[in-house]
Structure formats: structure tokens, C-alpha cells
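Here subunit A shows up in two complexes: once beside subunit B, once beside subunit C.
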Partner chain A sequence: MRKLLEIALGVLTAIGGFVDIGDLVASTETGARFGLGLAWVLVVGVLGIILYAEMAGRVASVSGRAVFDLVRERLGAGVGLLNLAASFFITLLTLAAEIGGVALSLQLATSVNYLLFVPIVGFLVWLVCWRVRFEVMDNAVGLLGLALVVVAVAVWRAHPDWGAMWHSATHPVVPGTESHTAYWYFAIALLGSAMTPYEVFFFSSGAVEQRWTRSDLVVNRLNVYIGFPLGGLLALALMVAAALVLEPRGIDPSHLSQAALPTSLVLGKLGLALALLGFFACTSGAALETALSCGYSVAQYLGWPWGKFLKPVQAPRFQLVVLASITLGAGLLLTTLDPVKLTEYAIVLSAAALPLTYLPLLIVANDPAYLGDKVNSRLSNAIASAYLAVLVVASVATIPLMIVSKAGGG
Partner chain B sequence: MTRHPRQPSCTPAEPTRRRRDLAAVGLGLLLLVATAGCTGPVRSDGVYASKAAATAGAAGSAVQTAELAVQEAAAGRLFSRGLAQTLAEAASDAGDVQATFDAIQPPDRRSEVLRGQLDRLLTPAASALADLRIAARWGDTAALPSVAAPLPELAAELQQFQEAHQ
Partner chain C sequence: MARRLDAALELLDRQLIGNGGTLAGKVDDLELTDPGGNLEPPRVTAILTGPAVLAGRLHTPVGRWLARVAARLLAPGQDQLSRVPFDQVEAVGASIRLRVAAGQLDAGAGEARVGRLVGRIPGAGDAA
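And then the complex of A and B:
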């Protein structure tokens, strides 16, 4: 019974914790600009993160060690450093974007300028990273994030023409007002938001934090195979809501407030309150995850003691990196950089760095020295290799597309 | 016997130069990425027209956002704080797109005419959105529908302009 409860809680938190500021921005913006013409990318991204997160969780459960820890040992300090540098930079940008997302959610609820909230949010993120137990933190924000289900309810209550929606999702076209380069730029952004690197670092480090063993492989699979697709449905709901309400009006969202308008239109103030709670919870959860991921990645690469299962005095350098990352992230926002623009850049650059994260993971997941008989099957290797090829193409195309499409502007 | 010093495969300056080249390439790439969304100088009327169309689209988006927010507020579906925030953002967006567009030098007389046409739509749009923002901040919710009355027509004209010059 206890195991069942643990599994149910894990699945629920995986659903509630799936969406972050990147998904909020990318799904809403693509839905408003391209309708459901990019829904297929969300499906590709969610399947990709399922594939690689399962791998990361399995590596951690069987070896008892997190991904970065093994990448350096297996591939050497040079490759490990390249992996670390790219991933840390992206995760730091994402952390800043998530802190901005929390501050923007608070601004929507209070009308107080988000910049005033940034230092407070930064402090609270640090305090939770420092003081609150991993399980409590993970479960609380994951469960609160379930408030975002309200967006899916709003879509359902809007009584859309499901047949027409299915047709537009399965027969994607570039709207006349958009260029092909903008379409592909946003396709890459959406892929980056779904497969952002910190997700695998946090997932594998979290498995070590929770002391997963081989007996937890079922929990790992259920979390990933059930929780992630359902979480992905929330991202899809955001896209559909934007396609239903914002696209026909020609609204190109550039603020978080616009992402909430479809829900309030259908469900009124209660729906809006739940959507804002969901925005707050999912960005708060992701801010904690990215802050910890910064600490995990550096500490694991350098071989320092790490983790929230250790007292701060036992892992001081890990805690210091977490604190420094939060300070840098909050400082970046205090330069008045627009958090939504920052998110757009973070997810696109994240797409550019994806192969650097996922190739080492694929190599480690095939090493019997770490995984014994739990190495990847031929089928999962074939699919993972195909994904890697897609990621390499996306990575190479990212910067040229960013320049040609003027960052999706035209 | 003459001593021949061992020839290094590369001079000590080479790694430094390579590092410097790498740093220059990296910096160049960073600048390209950072300025990818920026507005550059316009040298042809075609490019100017496409920028005008994009500006009309962005202004239309702000107008439509405000219109939707006012409709929702009138139906009691939006909190007053959320409404004020949304309208403030819409007003700020409209002002920003107008300022950005007006900063672009029209390359010829034809473009100058186009600038005038678009400005005749942007100015009332920005003004109406500013009025809405002020009314919402004062909590004058009852006045919002009348202040927002010109928005549907403005949105339609901006959309027509965008479609005509895309």
C-alpha cells in the first residue's frame, strides 16, 4: 500500500512538475501564432524527454550515481567539461527565467512590479534549497502545479471542434502571416522547452537524493511513462487554449498575463485564480529544480559532496554554487531584462546544447560496467539514436534560424 | 658541435593566437545571437513595408489583447488587478512598437507615405490603450466599455494594413 501511494505521489508530482516557464511561453506563443501547426513538435519533445529521463533515472537507480558524476568518469574531464559548460550556462539562464516567471505570477496577482519580487523570490528559493527536505519540496510544488489542470478543463469547457483541431494538428501548415523560418525557429524552441537539459540532471540527481535502487526501477518507469505524458498534455492544453482564443484575434503573446486570458474567458475568476496558482507553482518548482541542478552539475563534475540529503555543512561548496547561481539569476533579471524574452532565448539556446547533454547520457546508459544487465535495449538505442540525430540537426540549425528569422520575429 | 635547439611543433604564440581567434569567433557569435531580434537600417521600400506590416501586427495584437481583457472584465471574469496589469502591458507594447517604427528612417518618398498611413492608425491605438490603462488604474470599470469602443475598428484597420503590406 505504501509503495502504491509512493508511486501515485511520484506520478502526480511528475505531472504537476512537468510544465515550467519555458513550456508556458513556448506553448502559448506557438499556439497563438501557428494554431496547432506545431503540436507535433510537442509530441516529439515529450517522447524524447520520456526516453532520456527514463535512461537517467535507470542509470541513477542501478549505479547509485547521478549523470554528471558518471559522464566525467566515463568520457574524461575534457568532454565532461564541455558538457558541464554548455549545460550550466543554459540551466543558469533557465533559473533566471523561472525566477522571473514566479515574480511575474506574483505581479499578476498583486499589480506590484515584478522587479520588486525578484530579490524576495531569489531569497525564498535559496531558503527552500537550504532548509527544506528534498521530498517535501518536490512533492509540495509538484502537487501545487496540478492547479494547471484548470487550463485543460477550460479547453474542454470551451467545446472546441475536436475534429477540426485534430485535422490542424495532423496537417500542419504555416499561416499566411508567418514565414517558414519563423515556423522552424519556433519548432526548435518548442523542442528545447520540452527537452531542456536540467530536467535530466534533476531527475537523475533526485533519484540519488531519494536513494533509489534497482527496486525503484518500476517507480522510475511509472513516473516517466505516466507522469510525463500527462504533464505534456498540460503543455498541449496551453497551446490549444491559445490556438482557440488568441490566434483568431491575432494576439501574439509577449506577457504571462496573456497566457491566462483563455482560461479566464471560459472559467471566469475561479479559473483565473487556479491558473495563476498553477503558473506560480510550476515556475517556483522549476526555479528550485534549476537552482539545485546548477549545484548538482558543478559539484558532480568536480567530485564535491553534494545533495540535500547531506547537511549544508557537509556539502558547503554545493550549497555555495546553488547560492551563487540564484544570486546571478536574480541579478540578471534586475538588469530589467524581460523575463519572457529571456525565456525565449533560454529555450532556443537550450535546443542548441541538447546533443551535449543527451549523447553522454546515451553512452553511459550503454555501459555494462555501470548498469550491468540494465543497459539500453536495442530498440531503445535505435530510438535514442534517431532522436540524437534530430537533436544534432536542431542544434546546428538553431543559430542560423535565429538570425534569419530575426529570433522568430519575421 | 653546433647545438640545434629542438623545434617546437608550433611557436608558443600559436596557442595564444588560437585562443584569441576562438574568443573572437565566440564573441562574434554571441553578438549575432544577441542582436538577432534587433532592428537594422532599412535600404529598400520592400523591407520598410514588411517592417510596417510587422508593426501593424504587433500593435493589432496589443489592441486585441486590451479588447479581450475589457470584454472579460465586463463579464466579471477578470480581477481588477489582472485587468489593470493586462491593460498597462498592452498600452506599453503599443507605445513601444510605435516608437521603434518611428525610429526607422524611411528609405524613400513612398515609404514616407506608408509611415504616415501607419502612424494614423498607431497614434489613436496607443492613445486609446493609454486611456484604458488610466481608467483601469483608477478603478473606473464602468467607463471601460465606452473607452474601448474604438478598439474593434482600430484592430480591423491594423489587420487590413498588415495584410496589404506583408
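And then the complex of A and C:
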């Protein structure tokens, strides 16, 4: 019975914790500009994160080692350090974007300028990293994030033409108003938002924090196989809502409020309140995850003690990196850099960096020295290799596309 | 006692664990000694660890610079070098288990110094 509760809780928090500022921005923007023409990318991205998160959780459960710990061992000191520098920079940008998302959600609820909330949000994020138990933190934000289900309810209550939607999702076309380069640029952004590297760092480190063992492999699988697709449905609901409401009106979203607009139009004030609660919860959760991931990756590369299961004095350098990252992230926002723009760059650069995380993970997931009999099956290796090929192509194409499409603006 | 190892594969960049179970850094470099015999392979006589050692092993200027920054900021020990004689190694596996405690390593001095700083923040000594 306890196991069943634990599984249910894990699945629910995986759903509520799936969406972050990257999904909010990317799903809404692509829905508003391309209708459902990029829905297939979301499916590809969600399947990809399922595949690799399961691997990360399995490696952590069986070997007790988190992803970045193994990056150093597999790639060596030099390439590993390059990987660390790139991953840390992107995770830091994402952290700033998530703090910005929390502050913008608070602005939408209170009409007080988001910049005033940035230092407060930064302090609270640090306080939770410093003092709150891992499980409590993980469950609280995950369950609150379920408020986002209201977006799916809004889509359903809008009585859309499901047949036409299915047709436009399965027969994607580039709208006449958009260029092909912008289409592919946003395809990469959407892929980056679904497969962000920090998700893998956090998921595997979290498995170590919660002391998962072989007996938790079932929990790992159920979390990933049930929780992630349902979480992905919430990202899809955001896209559909934008396609139904924003696209026909020619609204090109440049502010987070437009992600909540469809829900408030269909469901009124209560819908808006729940959507804002959902935005607040999912960006807060992701701010915590990215802040901790900054500390995890540096500490694991250098072999330092890390984790929230230790007292802060037992892992002082880990805690110092977390604190410094939050300070830097909040500082970046206080330069009045637009959080939505920051999010766009963070997810696109994430997409470019994906092979750095996924290649070493795939190698270790095949190594019996770490996994014994729990190494990848042939089928998952075949799919994972195909994904890696796609990720490498996306990674190479990212920067040229960014330049040619003027970051999707053209 | 002598054992043949592929030092690059089985030792370098592996996790070090102190005798109390605390993580104690990575194997950043190795000290090899030529036993003098004609065809004898070199012996690993010590494990070297710490960001300063790591900086010495990296080949790119950017890598060296990053490791030096890390050494200065996060492990400000006297010489930031820890030499663990190989007879203090208890077991070589996926991680390297040592017979000495993590705090006894020189690089651990950096952790202790940061620990004193972080320890001043309220709540640092309590479990979350």
C-alpha cells in the first residue's frame, strides 16, 4: 500500500513537474505562430526525454552514481570540463529564466513590476535549497504544478473541432506568413524545451538524493513512462490553446500573460487564477531544480560531497555553488534582460548542447561494470542511437538557423 | 601486491572515497616511478588530486584557466595538491576507496575553509 502511494505520488509530481518556463514559452509561441504544425516535435521531444530520463534513473538506482559524476569518468578531464562549462552556462541561463518566470507570474497576480520580485524569489529559492528536505520540496512543487491541468480543461471546454486539429497536427505545413528557417528554428527550440539537459542532471541526482536502489527501478519506470507523457500532454494543451485562441487573432506572444489568455477567455477568473498558480508552481519547481543542478554538475565533476541529504556544512562547496548560481541568475535578470527572450535563448542553446549529456549517458547505460544485468536492451539502444543522430543534426543546425532566421524573428 | 592496471582507464578521473565514506575528489593525476629494471613497467606510486593538479593535466589554455579559477575560488589550500601514496589505497573499483579520511587530504583543507565560511550561515549545521 505504501509502495502504491509512493508510486502515485511520484507519477503525479512527474506530471506537475514536467512543464517549466521553456515549455510555457515554446508551446505558446509555436502554437500562436504555427498552429499545430509543430505538434509532432513535442511528441519527438517527450519520447526522447522519456528514453533518456529512464536511463539516467536506472544508472543512478543501480550504481548510485549521478550523470555528471560519470561524464568525467567517461569523457576524461578535458572534454568533461568543456562539457561542464557548456552545461553549467546553459543551466545558469535556464535558472535565470525560471526565476524570471516566477517573478512574471507574481506580476500577473499582483500587477507589481516583476523586477521587484526577482530578489525575493532568488532568496526564497536559495532558502528552500538550503533548508527544505528534498522529498518535501519535490512533492510540494510537483503537486501544485498540477494546477496547470486547467489549461487542458480550457481546451476541452472550448469545444474545438478535434478532427480538423488532428488533421493539421498530422499534416504539418509552414503557414504562409512564416519562413521555413523560422519553422525549423522553432522546431529546435521546442525540442530543447522538452529535453533540457538539467532535467537529466536533476532526475539522476534526485534518484541518488532519495537513495534509490535496484528495488526502485519499477518506481523509476512508472514515473517516467506514465508521468512524463501526461506532463507532455500539458505542454501540448498549452500549444493547442494558443493555436485555438492566439493564432486566429494574429497575437504573437511576447509576454507570459498571453500563455494564460486562452484559459482566462474560456474559463474566466477562476481559470486564470488556477493557470497563474500553475505557472508559479512549475517555474518555482524548475528554478529549484536548475539551481541544484548547477551545484550537482560542478560538485560531481570535481568529486566533492554534494546533495541535500547532507548537512550544508558537510557539502559546503556544493552549497556555495548553488548560492553563487542563484545570485548570478537573479543578477542577470536585474539587468532588465527580457525573461521571455532569455528563455528562448536558453532552450535553443539547450538543444545545441543535448549530445553532450546524452552521449555519455548512453555509453554508461551499456556498461555492465555499472549496471550489471540492467544494461540497455537492444531495442532501447536502437531507438536511443537514432535519437542521438537527430540530436547531433539539431545541434549542428542550431547556430546557423539562429543566424539565418534572426532567432526566429524573420 | 603489484597488479597490472590500465592506469588511464581504471584509475584516472575516477571518484575517490575517504575511509569514512565521504567523497574526496577525483583522481586528477598519477605519480609513476620507474622501477629501474629494463623491461619492468612503471609503477603507480601515488594518486594526485586537487584542482591545481587537474589544471596541470589539461592541454587547452581555456581548460587550464577554468581549473585554476576553480582552484583559487573553491579549494584555496596552501599548494592545493594532495598526494596519496598508493599503499593507502584500499580498493580499486568503479570508485577508488582510500584508507585515509577525506579531511586528511590537503585538498580537503579547501573544503574545510569553505566550510567555515558556509558554517556561519544560520542552519548550516542542521539536517534539512
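In this section, the second predicted complex is superposed on the first by the 410 of 410 C-alpha atoms of A that agree within 3 Å, B and C clash if a C-alpha of one lies under 4 Å from a C-alpha of the other, contacts with A are read in each partner's own complex, and residues count from 1 in each chain.
Going forward, contacts are C-beta pairs under 8 Å (C-beta built on N, C-alpha and C of every residue); 3 or more make two chains touch, one makes a residue touch a chain.
Only a predicted model underlies this, so the values are computations on that prediction, with no experimental measurement involved.
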Touch test for A:Gln107: subunit B only (first), subunit C only (second), both, or neither? first
Which partner chains sit in contact with A:Arg72 here, subunit B, subunit C, both or neither? Use first/second/both/neither. second
Go through the superposed model and pick first if A:Asp252 touches only subunit B, second if only subunit C, both, or neither. first
Of the two partner chains, subunit B (first) and subunit C (second), which one does A:Arg131 touch, if any: first, second, both, or neither? second
Go through the superposed model and pick first if A:Ile399 touches only subunit B, second if only subunit C, both, or neither. first
May I ask you to decide whether A:Leu265 touches subunit B, subunit C, both, or neither, giving the answer as first, second, both or neither? first
With the two complexes superposed on chain A, say which partner A:Gly409 touches: subunit B (first), subunit C (second), both, or neither. first
Figure out whether A:Ala369 sits in contact with subunit B (first) or subunit C (second), or with both, or with neither. second
Partner chain in contact with A:Thr177 - subunit B first, subunit C second, else both or neither: first
Shared subunit A surface residues [contacts with subunit B and with subunit C]: none
Please give the residue numbers of subunit A that touch subunit B in the complex, ascending. 107-111, 176-177, 245, 249-252, 254-255, 257-258, 260-261, 264-265, 267-269, 272-273, 341, 345, 349, 399, 402-403, 406-410
Seen from subunit A, its contact residues with subunit C in the complex are 63, 65, 69, 72-73, 76-78, 80-82, 85, 130-134, 301-306, 308, 311-314, 316-317, 319-321, 369-370
Okay, in this complex, where on subunit C does subunit A touch? 12-16, 22-26, 28, 49, 51, 54, 57-60, 63, 66-67, 70, 74-75, 94, 102, 110-111, 114-115, 117-119, 121, 123-128
Which positions of subunit B touch subunit A when the two form their complex? 29, 32-33, 36-37, 50, 54, 57-58, 60-61, 64-65, 67-69, 72, 75-79, 81-82, 84-86, 89, 93, 155, 159, 162-163, 166
